[in-house]
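Dropping the structure in here first, questions after.
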Amino acid sequence: MTQLILEQALNGLQFGLMLFLLAAGLTLVFGIMDMINLAHGSLYMVGAYLAAAVTQASGSFMVGIGTAMLATALLGALLEVSLLRRLYARDHLAQVLATFALILIANEVVRMIWGAQPMLLNAPDALSGPVSIGGFFYPAYRLLLIGVGVLVAGLLYLLVSHTRLGMWVRAGASNREMTEALGVNVRLLFTAVFAVGAALCALAGAMLGPLLAVQVGMGESILILAFVVIVIGGIGSIRGALVGSLLVGLVDTLGRAALPSLLREVLSPEVASSLGPALASILIYVLMAAILFWRPEGLFPARG
Amino acid sequence: MSERRTTLLEVRDVSKHFGGIYALNEASLVLESGEVHALIGPNGAGKTTLIHVLSGALPADAGQVIFDGNDLARRAMHERVALGLARSYQITNLFSRLKVLDNVTMAVQSRVRDWGSSFSFWKPFSLDSAIVDEAHDLLAQVSLTGLAGRRASQLSHGEQRCLEVALVLATKPKLLLLDEPMAGMGPEESVRMVELIEHLARRVTMLLVEHDMDAVFRLADRISVLVGGRVIASGEPAVIRADHEVRRAYLGDAE
Amino acid sequence: MGLYASSPRRRVAAAITLLALLALPWLMQTLDQGFYVSFASRVLIFALAATSLNLVIGFGGMISFGHAAFFGAGAYTVAILAEGGVHSAALAWPLALAVAALLALLIGAISLRTRGVYFIMITLAFAQMVFYLIVSLKSWGGDDGLLLLRRSTFGSLDLKDDTTFYFVVLATLALVLLALDRLAHSRFGRVIQSIRENETRMEALGYPVFSYKLVCFVIGGALAGLAGALLVNQSGLASPNLLHWMQSGTLMVMIVIGGVGSVFGGVVGAVLLLLCEEFFVEISPHWQIGLGLVLLAVVLWAPLGIAGLFGWGRSRE
Amino acid sequence: MRPTKCLFALATLLLLGTSVHAAEATSVKVGFLSTLSGPGAGLGIDIRDGFNLAVKQLNGKLGGLPAEVIVVDDQQKPEVAQQIAEKFLKKDKVDFMTGIVFSNIMLAVGQPVFDNKTFYISANAGPSQYAGEQCNPYFFNVAWQNDNLHEAVGKYVMDKGFKNVVLVAPNYPGGKDAMVGFKRFYKGKVSEEIYTKLGQLDYAAELAQIRSLKPDAVFFFLPGGMGINFVKQFVAAGLSSDTQLFAPGFSADEDVIKAVGRRCSACSTPRTGRTTWRTPRTGASLPTSRRNTDVCPHFTPSQGFDAALLIDGAVRDVKGRLDDKEALRKALEAKHFKSVRGDFKFNSNHYPVQNYYLRVIGRDAQGRVTNKTMGTVFTNHADAYVAQCKMK
């Protein structure tokens, strides 16, 4: 039983850390630029497709990820300079609609290039099997994801808390006007943040590709989860995004695993096994609604 | 000052802090009905915070506010307005995209005691001619008659401040909280505003927050001085002018 | 945006459109294109749903990202009642409206405590909850949705007949639009529009802002529920995808294309979007790129929507 | 005046549209509605290619009449499928419909099709409802009833003496049929029935649950990309050394093998364990397809191929008089073609009675990983619902 809980906890951790890769960029864009970017999920999708295509062409997963991250960062920067910049001053409705339009466009462009069928992206052979940890097997590839997630979280922490760029970012998230007054080139800062966010999206897409499927529409479902994460964590806060990601990952996975058996204590097995997963999916939204109810600004509000 | 006056507003030991900083520190104040009461003090003394607490925009951390015999502690902003407590804003806060006339009709329409609530879904507003007539009256009082069809955002700053006053007046308050009505005004506009306030003073009790000392001493029946979140003196203008502590803490190093 | 005021010109246009729509079934039968009668019903139903959202977003200024929940609630109410043997429209449709209104009351009462982005997100979260709840309940069809094997009965009217159904839908939409036009010019309508313009000022003027917003939110939800009740009758299926957040997004797209805060904005948007979908999908399967570009252009350069572009939607001030 | 102008434009568009459909009965119109995008797309695309291949081999004709096949993607969404079906019936006025992969979509679309007296030839979806009480003269299935393949797996698992099985299927009618079918012939212990969301791709939580249950066999029914992911993750989790994996035929079709087979064969090497992946199926592969299209000679396209041949034979039989529904139905029931996968005949509920075989994934003579047929599980097997069908 403890082994099951441990394994599920690892699964939750892996899921949460991947969510964090998406949420980190999203929360900064949201926090600093006060911009709702629904197209964040599309960057994730584009990253995954690029990774799959380059991996197939080059035969190397690493090359695939690297290229995808660079290309997506570039795409993100381009998008920011050409379009999103115009939206910062607009109301949230305009932002939602414009980026919703970007989702439609991105989905169709990807469909035109790569077709409607999912693309196959396999993990490197060396990682496709299990490894033994503490007496049970766990997929090597999922361990890698956990490793990468922890590494990125660490690097982001260093970047945000120990560099000049990070200081500007933090300042921007808590008070934009003040930062501008301090003479920071805010436009360039925004572009840079957006590019980094896009690269993290691509990383998440490429890393999750072998586990899930690289397909049109993959960005939408995970986008909503990323939004849940940053709203829970407090918009603009990297720390909030991390805590929120892990919370959502663990609650979702553990709920999915434990709820059916818990429900079975009270309900018939059939009802329990069908109600369980759905209740688990609701769980994170209940969590979010509850947190917003008690703390309308999330757990770690960035703005003072 | 001969007629008998009753207490309209009593502020008892109200405190409000943000983080560790006390904006209000056991501030106390009494307003009598019919008077124009000015609240002065250096920047950051807590004047606007007090207005916020009185109007219900911010909850007080401690202390009590009694208005017209009612304890305001648990009353929402709109309930306070219904009791007759209205405020203007330091920074112009209008319906900038609406016409000037619509700004005022919205304010007139808010008086549930006269027109009933606005949960009326079918009857066209154009049939409520009494509301529109009153709005025109109010615009005349603040000398904006000719501008009724403009959008509020198209008015000059001074005109917007006058419109602001018209909006507050429209709620027919017993007590008017005026937060720096002359902020950012040119000399001519200021004169107009002073005249307007003088004109209104005959009808309504006012708590006036203002930096313009000439205006304050001309308009106020009584003055309270707020320093460091605490009311250090309260009295008639001549008394305040003479008060040593006030001179030292405030007038002495006036800007 | 000023307060909404409809011009005589627009009323004439609306009357002419109504006449044209009355003649549509006859025209289509003559052309042996019965399919388009059913299609037109669908368009008008979506017009109703978009209009209900326009009341909430365009007039009330509440950017709700969970409107599909009410749309779906109405559809499911009718389908579930039919499952239980209740087919009468006179009973099922008002109930659908009531269920959606109740849901909106519940969601609104909690969500309206938050502001701005947080409001957008919490309405989305609630809609997702409803979505997953419906998906999980096997007895209500789960993932597959709930089939409505026969349309509701409505007195002596035969709703199974596409033309009769079309007229019922048309009448419903016309009544709702009339009511909305009255509402926009009523005291309540003026209050919610002013709240959209400056909420804190309305509060300072003594309006119980929360109550007005909640009532507006509930009316919008109820009308969406009515649209859902009609839609399930048109299509014969209450699908969980009706509750999906992309559906909320689509409704938003409709009102932004048609004109936010204009009585006819939802109608114009729904008609344009669904007609485009119907005809362009045959020209290219990738027509959504075009839709995306048009939407971007509208957001960037025509914030009053297509209707605003031609001055249909609102009077020029 | 603008709105009326718009309407006029619309009317002219429609006028243009009508002239196309003036000619009748000189062609056969087939509405092909299938899942062609998303994770379930593999099956739909295979069936489409099989259907088109047959039409191509018949020189673009069905029953001697020029064939018009309208292919539309249902996006695996019931409400999308419904709209398309309505268009097929009322606008395009098709003579036949076919193509649907998923049973939930079949059930959403069926009633209006039958009400319209249009024949539906199912090349895949075989929901239990249409085999039993809701059986319909306008519904024919050339593949199987949903339960059948699962029954075959159940029987095999039972015969081989497995004692403790976990079942995995998506939460939709086909998934529920699968579980019922399996359990109809497997009478041992089922320690867990796991229902996943249709379209789910990450099975980490389910696999952890399976690990804790320690079954000796897992039966999964996850069509398309879902199955690919499940097998990949099953192997990656290290479960394949202790647990045998069973799946119905289409879960081990060639494209699935291409995606995961390498690993599966790796885990069936003597050193790491006993796993073989056994899948029953019906008949042989589609022999001719490789020459004509890129389609590998696998199983799913043959279903589409058969659907086209069934229509071909029936249209020929009634000599193009497609309006005579009664005659057309009799012609369809008579089934004037021989299936490429071994023959079958229609039962009274219009579902096939046929043999079911067992395949095992292994290496062929050239060392390629592929399916090998091992033996027969059922002979002339019918479905369990036919008794409840009172065909009108």
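When the chains are written out, they are named A, B, C and D in that same order, and each has its own residue count from 1.
Note that in this section a residue touches a chain if its C-beta (ideal position, glycine included) is under 8 Å from a C-beta of that chain, and two chains touch if they have at least 3 such contacts.
Predicted model, so just to flag it, every value in this text is computed and none were measured.
Looking at B-C alongside C-D, one finds more C-beta pairs in contact between the chains of B-C. The chain with its CA mean position farthest from that of chain A is B. Distance between chain centres (mean CA atoms), chain B to chain C: 43 Å. With centres taken as mean Cα positions, chain D sits 37 Å from chain C. The centroid of the Cα atoms in chain A and the matching centroid in chain B are 49 Å apart. Mean C-alpha position of chain B lies 75 Å from that of chain D.
Touching two or more other chains at once are residues 135, 138, 142 of chain C.
Within chain A, residues 111, 274, 277 each touch two or more of the remaining chains.
Residue numbers of chain D whose C-beta contacts span two or more other chains: 171, 197. Chain pairs that touch one another, listed by label: A-C, A-D, B-C, C-D.
Chain C meets chain D in the complex at residues 13, 16-17, 20, 24, 27-28, 31-36, 38, 42, 135, 138, 142-145, 147, 149, 235-237, 239, 241-242, 275, 279, 310, 312. Contact residues on chain C toward chain A in their complex (touch as defined above): 57, 63, 65, 110, 113-118, 120-122, 124-126, 128-129, 132-133, 135-138, 142, 245-246, 249, 252-253, 256, 260, 286, 288-289, 291-293, 295-296, 298-300, 303. If you check the complex, the residues on chain D that touch chain A are 36-39, 41-42, 45, 73, 171, 192-197, 201-202, 204-205, 208-209, 211-212, 225, 228-229, 232-233, 235-239, 259, 263. Across the complex, chain D meets chain C through its residues 1-4, 7, 10-11, 13-15, 17-18, 77-79, 82-83, 86-87, 90-91, 104, 107-108, 111-112, 170-173, 197-198. Interface residues of chain A facing chain C in the complex, by the touch rule stated above, are 30, 34, 36, 83, 86-87, 90, 92-94, 96-98, 100-105, 107-109, 111-112, 220, 224, 227-228, 231, 235, 271, 274-275, 277-279, 281-282, 285-286, 288-289, 292-293, 296-297.
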